[in-house]
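As structure tokens, the structure follows; a few thoughts come after it.
Just so it is clear, A, B, C and D label the chains in written order, and each chain counts residues from 1 on its own.
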């Protein structure tokens, strides 16, 4: 078998094989992130990658090129590897976009892996997103590599002598200022127009204490146990969907603030209003009744918040299981005690 | 409000639409409205506002760290040459050009280089000494294409010329500033400002005012100071200030 | 003594061989193509022993029809052309260029060759759960129903097997092809292949009956299943004689070869090429061309039934070669126009296609049949 | 009469080896009830970067369980570690074709907190850019819908037209997609007259090209056959599941943030919101097609009514102006009508740090995911792609 492979690589038919492979690099349809938009541009009318023989094709078995379009998350890494293994030999990988290189703007994200650790890579293309020209250049370089056998970058930097010296003894301070003991208040009263105030008064009549936090923004604090009742009351009042479920972690006060932003589509006067229904939970026992039964639109966001903070929404059937995150992600990454890598300003 | 009506197709309408669609296809097949830029053979001319690879002018740089600190991706890190100069890690750079926008002296500039493929990740970390000159890239093109819209019709105009990929540096009009000490009495004498200064323009002297009472005198060498503001940002007591020089 | 016996046997052997060769030669030459253009060359080659047998074989009409034109060689040329042309035409409609850089002076015409070579040299994966034997055999076996109809397709006096039931036989053999596709899906043992096979089977029911009825309608028009009669009677082209059958046949061609809008069994975006999902390398190269080959066969029959077959121009210098050439050119032109549907239509859903097949389409085909009967009486 | 056939059922083992967020009991139950699980995506020609676990009964979809998170890049956590200004490139990454709407929403939240007054010219430029992005995104979605229906020309035409939009963006902002152009208190730099004229001309060129697209795709009978009466969401369902944007309007709800809570220059311009009643895939698509023409109208008006004013150029002073933004204490929520629907930014600040304490970003994709899943129930398996495309679901946007 090895002899056969050797024959294919360097035997008498090798030039024909090289010629065929080089003009027929078909990228598999594996969209991994938003660089896919530029990939589509590169293969659409504007640049038409088919000109140079690269035809974007359906699935792994019939293709020979993977273009990793940006970020590879922990979930996607498996799929990338499976796809790569499904592809028949000879196969090539090009990574486009900074997300796939060192993360780009997501460089310290907890959910990204580096694709060059998952599959062997032939070419790297910078840019966020890389322009279609850059992608075509990558394919072009790969063609040249197949033809000539020597891999080359398409850029050469010219060095200029800038002298040698030392860095200053003190590292300059980071521009970030982070309060060590932050006090978080979500219902800071702000001035607003009359209509919002009137509406807030009307809602107050339901027996709920409201604060006007801006034009068309009303905050409403309830105790943990009253949340379901309040939600039912507000539903009768006209709020019919949840726009947002949010949890704020305040470790120095040992609490979670759980917010439901309610809105309305059915009542015209309520349409611009965002009502922030919030409650506080102890950090040690983050449990509350789910609102997914009353507002089905809250369902997925509750699952997401469970992923991020470990808050248990009792009654939501998805509790205890990961929804958005991969099984091997660090536990509850959005809690304040989970720290990300800090920036470095010196090399 | 526009109400989008529900479409009901009868046989005649349906046939008409079939004919329209086929007619459009045959029209395009005979006389195509082609919009393709055949990249390796021809290059699209991007405007001068294009955000591409970054060119560095070491003479203007004051090592103020602004580019490194504003970078959202932390792609710019300072590297020691004769002074600390920025180096760009293109494995992280997202071409937002906040650095260029932040540079108070205009030492960073854009270029039209963007179509680059690297073989190795290590090659993508570009030091300041490699950014001074416009890098050479592989060019296969013979034409330059302009996108023009004329009389409501979109055309590609091909010219047999090579596009110059450099962008003339934009003049930055920021008045020169130097640092002064606004409240000398609050100075702690921690020497952070002196140690962080890339030009060694600050000296801190200790003066014994009375017994066991020490005061510090902070002296700025105005001819050395370039107004980078690092000391101002570093000072824990906020005693330093940047002032405009006339 | 022994030596004598051996030499005697050898003599007998030689004689038998000689007899065989001369017999074959007689068969070949009795039915040889007459092409004035290459006659001097043929005459010269005929004087060289053994080579003359080969030349005679190639120019033997049945052989020429099946292997050269409109048979296998024609099929190969057609394949290279149509894959390229389809991509190029689609690109043209879509405001772009299509494959070109591979060979710029000839507008990239050898793109299909490059893809073919790439497929040929690529690893052919047989995945663990596939039924290994059938998985490999079926793409190759599928050539049987492709080659069999070629035997019966005549081009002038160049024909494989001459029979008065030619049209019926061609239709019967073409109807075998979907079986192989279904079997491929089964052998692949994959979810999408399974769904794709089912879809292929359903589509088969949707188009096959109207298709056969359309052909029968034309047989009524000509009063015979003999291609020669069909072509002879087409002073007015069949398309004009029975336009309904003409339309039904075109739609059947599109449906039977999984072209858009009826690209349901493959349905790239829905079930990822259905029965062919697991194939790779040269095996995929074979199965990918299968439907193009089917299209070729159906288009050959289409030209014979509706567009006057090989009757067209006659160039004296080409002699017998003219008829296959006319047939081939007509076929390729028909297909080249037909492939434009790929860039015009979206894919129908399976149930829509079947409903279409069993209602309006079947009605249309029956109307075509009735019309065919009337026209048959008149012609 | 139906006979029950008792066959020992063995769920496929390959399901265990994949990261599937459903319990094995569910898989077993599905296989016992004559159903079939089909995994669509993430490597599938007709799905984006997400997995859909489709439970089918014959050809009819019983239930769809989404498996999102394949492009979850932790925007919210990262935003807590960056300066306010550094978050601008971050928030536009989830949906790069719609970058300026995403950018605008975030910047408006900061401006709302700081109570900054934006120059009128800047407001018009922002509106214009947001609408250009809206056209671009609707074209992108149309293209994806087309390719899901197997209509490759329908894919190429919108992307061809998008080249013009990219050209406009690159001339104004310098980048094809991710421009990070809108900053608190205005835009990064002024737009000159020549570019504005080019944009004005371009709107007509786009209109002209769209005519071809209309003939070959929008009005194509095969497209209508595939999309009509498929994936219907009634008005009540749409409200219940919190669907947003054009998809909500396609179900008959007249809700558009630009109308109910006008921001930037939308209150001063003359335009309409298209609304359909059917709630099926085709009306979802047509609503967006109609929005494109409305957006073109807005862009033209913006250019015609553009006030003459000198805008500040931030070159050189960018760091000093923006690095040290500190928001007052409290929570600031803004609603923005991004192309695919309501985009919500909710920034919580502690009043001392120059990084957000918590930035919650809810994208339209995440909001209508539930409605999307519900609309699939009871449809055929082949319609999955048609409905997927009609929602224009873009996983990076939904996963953030």
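Methods note: a residue touches a chain if its C-beta (ideal position, glycine included) is under 8 Å from a C-beta of that chain, and two chains touch if they have at least 3 such contacts.
Model, not experiment: these values are computed from the prediction.
If you take chain A and chain B together, the chains in touch with both are C, D. When the C-beta pairs in contact are tallied for B-C and for C-D, the bigger tally goes to C-D. Chain B and chain C, compared by their mean Cα positions, are separated by 60 Å. With centres defined as mean CA coordinates, chain D is found 47 Å away from chain C. Each chain gets a centre from the mean of its Cα atoms; for chain A and chain D, those two points are 14 Å apart.
Rounded to whole angstrom, the centroid-to-centroid distance between chain A and chain C, based on C-alpha atoms, equals 51 Å. Taken residue by residue, chain C touches two or more other chains at 93-97, 100-101, 268-269, 272, 343-345, whereas all remaining positions touch fewer.
Multi-chain contact residues, meaning those touching two or more other chains, occur in chain D at positions 44-45, 82-83, 89-90, 153, 156-157, 160, 163, 178, 216, 220, 323. Residues of chain A in contact with two or more other chains: 44-46, 48, 51-52, 58-59, 105, 108, 128, 131, 175.
In terms of inter-chain touching, the protein chains here all touch one another pairwise. Contacts from chain C toward chain B in the complex involve residues 89, 92-97, 100-101, 340, 343-345. The residues of chain B lying in touch with chain D in their complex are 1-7, 9, 14, 17-18, 20-21, 23-25, 28, 33, 35, 46-47, 49-51, 66, 69-73, 94-98, 100-106, 110, 147, 149-150, 152-154, 170, 172-174, 229. Residues of chain B that touch chain A in their complex: 34-40, 43-44, 58, 65, 68-70, 72-74, 77-85, 87, 89-96, 113-121, 123-124, 126, 128-133, 135-138, 140, 192, 195-198, 230, 233-234. In the complex of the two chains, the chain D residues touching chain C come out as 36, 38, 44-46, 59, 146-154, 156-157, 160, 216-217, 220, 222-223, 225-226, 380-385.
Interface residues of chain D facing chain B in the complex, by the touch rule stated above, are 82-83, 85-90, 153, 160, 163-164, 167, 170-175, 178, 180, 188-189, 198, 201-202, 204-205, 207-209, 212, 215-216, 219-221, 224, 228, 250, 254, 272-278, 282-283, 286-287, 290, 294, 314-320, 323.
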